[in-house]
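Heads up, the next two complexes both have chain A, just with different partners, chain B and then chain C.
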Partner chain A sequence: MRAPFTAADWAAIYPVGVLTAAALLVLVADLFSSRREQRYGSVGIALLGVAGAAYLAARQFGHNHDAFFGGFIVGGFAAVFQEIILIAAAGSLILYASIGPPQRVAGTTAIMLWSTCGAMLMAGAANLLMIFLGLELLSLGLYALCAASDRRAAREAALKYLILSSTATGFLLFGAALLFGATGSVRLADFVNPAFAVNPLYWTGAGMFLIGLVFKLSLVPFHTWTPDVFEGAPLPVTAFMSVATKAGTLAVFARFIYAALPATIAQDVLLPVWIVAGVSMIVGNVGMLAQTDLKRLLGYSGIAQVGYIIVALAGSTPLGLRYALYYLAAYAFMNLGAFAVAAAISGEAEEGAHLSSYRGLGRRRPWLAAAMTAFLLALAGLPPTAGFLGKILILATAVSNGYPWLAALLIVGTAISLYAYAKVIRAMYERPEGAEPSDVRPFVPLAWLSAGICAVAVIVMAFYPLTPSNILPLAH
Partner chain B sequence: MMTVPIGDYVALAAVMFFIGVIGVIVRRNPLIMLMSIELMFNAGNLLLIAFAREWLQNVGQIFAFLVITVAAAEAAIGLAIIVTTFRPEKYVDVDDIRALKG
Partner chain C sequence: MNPYGPVAIYLVVAVAAALLFSVVPGLLARAKPNAHKREAYECGVEPTSPVAGRFPIRFYLIAMLFVVFDVEAASFYPWAVQMHALRVFGLLEMIVFIIVLAIGYAYVWKKGGFVWR
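This part shows the complex of A and B:
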């Protein structure tokens, strides 16, 4: 009997396998380490695993291969998304090492690695089973991570996330079942046949599948959970969630709209998604204005940022996909950087997420304040940062693809967001009235390192606009 | 032998799914909400198996098994989170079971 899978198939999931092995190793090593070295031991092993996975994923760039009968497609597209997800994992693990609670380190680290595996599977998933499996692996880990804190708010966030996100998964699954019923196949590549375009099962299925994805991306009608969950979850988990979930889901979304919809009906099916993205840019940015908690503010910011990325995909052109990837990579650095700064001024007991703890930061910690300014300028899309270049590219592609109204909404949303970001910058540099907040915490080297790397990346990316070219085809 | 037409399966699954959705929206007890979510998942499973038979494609049945497995994991994590949310102070320990010294 011939083995059904070839060596190349197994090679396709080496990066995921390395992470899984690292997670198991973390759990075993924890048994043999003393209480003092637990935290750095666990996170150290995890970071080595992430580095190994990043190396293996980078080697897959440019080698297209359909592994497991077209269930998992290796290539430029998956490799770029996997690198972004791994950057998010590494950044969050570093933050976890510097401010995470000392209890349950190994378990939390291992679950974070498994969640990363789920997101990486989503990056390469090309059939409905793999999409479902990756999404659930990512989400189940995140539910547990949200609850891994002694604060009551964290557990409430976990419960809220669990109920709402599972409902979205239910929609996605029902949509997937209808798509299978309409086409008789689970491979995305088999859905492209224009003959399906007249089948109401197909339309309903695609619609419910997209509702599930839009929920996970926290676009507008389904966005209310995001700020609450971001605020409640522990800070490193919020950092991870804000980038990895979006990257994984965007990978599935992009592959679905590029590779699974017949070209004749694609833009009709997707028109509601573009409208939702446009509304998200306004609602997310307006929602930011009233926030006094940095994590909540970044939650609302994330709603708008996903809107920007989806604008790049409007029209489903290859160039748009490249720009979306560029902006997503830039977003990963600016968001992780902002969370790293928040971690650097946090103690173990309380998180420095309230805006009042940034008052006068420019005088107490000038370098941190400068880095934070760079991240906020990038999120707002001002030069000289990667956010500016990314937004220009997205605007250009939206206009040339025939969606000028989306470009207009993007500009309006950006203008609104400037006020919210400027509020934080002003708080950092204004002369404090009365007593200066005396929360000068001990130097947190890892969080500073993370913020520094992200700051350099956000500036450097603005001058080297690397947009990966060989990311197509997404399915065969 | 009488076979049930595929439209009936789709209708039943749709009814199950919407009972689940309404349950999540209306009920305020987290356990009932989790049950409603399971109902949504099982509506999807029913569709997958019905269509697997319709198309003679076993992948639908495999998908349903995958969903059952994942839903079990989801229920486990969900129940754990519900317990920690609503009983933060009391913890369960077999050493505390000392009332009966039989």
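This part shows the complex of A and C:
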């Protein structure tokens, strides 16, 4: 028997392979390094691995290939999502250079690299089994990463995430089983036959599958775990979860709604999802108002931001997908930048997570405060940032696709969110009334570098609306 | 018959059997409780501690390591049976698998995972 796969199939998973090898190398190198080398050695190898994977994934852009019997499709769509996921991984891994005990850095960076592999598999997954494999690889690593801290809250977060996420996976798997039952295939491309649309099994399966995805995207009403888990998890893990998990799940979601649903019924099946996205934009932004913890605040913010991205997909037009990708990339830089600033003013105890430590930051660390202001303005969607342009594009596509009510909800949600983001900006620049945190944290080069790159990206992206056009078709 | 018919029948039988075994004895049997009947069953030995007691976390570690090596051994069987059919491809797959596992093994060993303390 010959090997069942061709060289091109293997080439499709080179980026994932490089990350896996880098993770193994991190573990081996950790065994032979001293205490002092452990931290920078692990982070350095991990970042090199991410850079290698990013190079290989970029080379695949524009060369569509159905690897492994159509189970894993690389090329445009997957490459763009993989790059965003790798940016998220790099932006989170870099924070380990200053956060957490050194003897734990190797294990956590290795697990984070494997989780990144899972998200990257999700980006290209085009059959139900591959989707499940990627999702589980991503989630299993995250359970351990959430718990990798000495704080009690971290363990609580890990347990909550484990239980709720497993429930969601159960939904997804049951839905996948019903879809297989209704269609007799695991390939998304085989689901588009309109003849299936009369089968109640198909509707139930698609519904449960979407519920599982919506849970992972933490949209209302499946959002309650997000703020708790974000608050409890260590800072780099929160940064990773807020971008990479959402990007991977959005890839599966987008591929499913574009490539697996018959066009005649797609908008009927998806109407509940659009409603859920609309409600999320309101609930997420209202939830932000009372928060005193940055990670919690960004958790609620993420609920609303994913809502915005889903609004771009409403109507399932190719242009909507391009705008969604643009906003996702911008969102990645905004969030990673905000977490980098939090890490730059944090010590071992993650003080930067508390909003009180931002009081007077404008005088103590003017550059960090300026960068943070840019990220918060971008999250709120104000010019001159990528968030502004992204929201304009999403509003335009929502109205032209016939979903003006979603556009209206987006505007209302944005108006509410302004108050929450502006509160942090005000705290950074206003004259202090009471005691101001006076200690200035030492200069953390890598976190500052990350914040700087993200700030430049958030501003520059506003003037170069890169919306990749050759990302379709998603499945054959 | 619909191909899912047997599944539906199985579902009905499973629910009925579960109800039969769990509910009916409670309705029919005469209850004569005493202290000894309420004890946890420990093969005739008197229980020395509550069943839901605490035990050291290292048991979990051992259990996890056991699962790793158990799965490793289990995944050798299908390869061994089909070794000649899979040829070099199967051999390379197995070598990669062993390398990944060996690195994990070395990591756990060096970090003191096998020390009973």
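Just so we're on the same page, the second predicted complex is superposed on the first by the 474 of 476 C-alpha atoms of A that agree within 3 Å, B and C clash if a C-alpha of one lies under 4 Å from a C-alpha of the other, contacts with A are read in each partner's own complex, and residues count from 1 in each chain.
The criterion applied here is as follows: contacts are C-beta pairs under 8 Å (C-beta built on N, C-alpha and C of every residue); 3 or more make two chains touch, one makes a residue touch a chain.
These figures come from a predicted structure and were not determined experimentally.
Q: Superpose on chain A as described above, then tell me if chain B and chain C fit or clash.
A: Partners clash after overlay.
Q: Look at A:D190 in the shared chain and tell me whether it touches chain B only, chain C only, both, or neither; answer first, second, both or neither.
A: Neither: A:D190 stays clear of chain B and chain C.
Q: Look at A:D293 in the shared chain and tell me whether it touches chain B only, chain C only, both, or neither; answer first, second, both or neither.
A: Neither partner.
Q: A:D228 in the overlay: touching chain B, chain C, both, or neither? Say first, second, both or neither.
A: After superposition on chain A, A:D228 lies in contact with neither partner.
Q: Based on the superposed arrangement, let me know which partner A:G181 touches: chain B (first), chain C (second), both, or neither?
A: both
Q: Who wins on chain A residues touched, chain B or chain C?
A: Of the two chains, more chain A residues are contacted by B.
Q: Check whether A:I163 is in contact with chain B, with chain C, with both or with neither, and answer first, second, both or neither.
A: first
Q: Tell me which partner A:L31 touches in the superposition: chain B (first), chain C (second), both or neither.
A: Only chain C; A:L31 stays clear of chain B.
Q: Which chain A residues come up in both lists, the one for chain B and the one for chain C?
A: 181
Q: Which residues, counting only chain A, touch chain B once they are in their complex?
A: Contact set of chain A toward chain B: 128-129, 132-133, 136, 140, 143-144, 147, 152, 155-156, 158-159, 162-163, 166-167, 169-171, 173-174, 176-178, 180-181, 184-186, 201.
Q: For the complex, which residues does chain A have touching chain C?
A: Residues 1-4, 20, 24, 27-28, 30-31, 181 of chain A touch chain C in their complex.
Q: Note which residues of chain C are touching chain A in the complex, please.
A: Contacts found on chain C: 4, 85-89, 99-100, 103-104, 106-107, 110.
Q: Within their complex, state which residues of chain B touch chain A.
A: On the chain B side, the touching residues are 6, 10, 13, 17, 20-21, 24, 30, 33-34, 37, 40-41, 43-45, 47-48, 50-51, 54-55, 57, 59-60, 62-63, 66-67, 70, 73-74, 77-78, 80-82, 84-85, 88.
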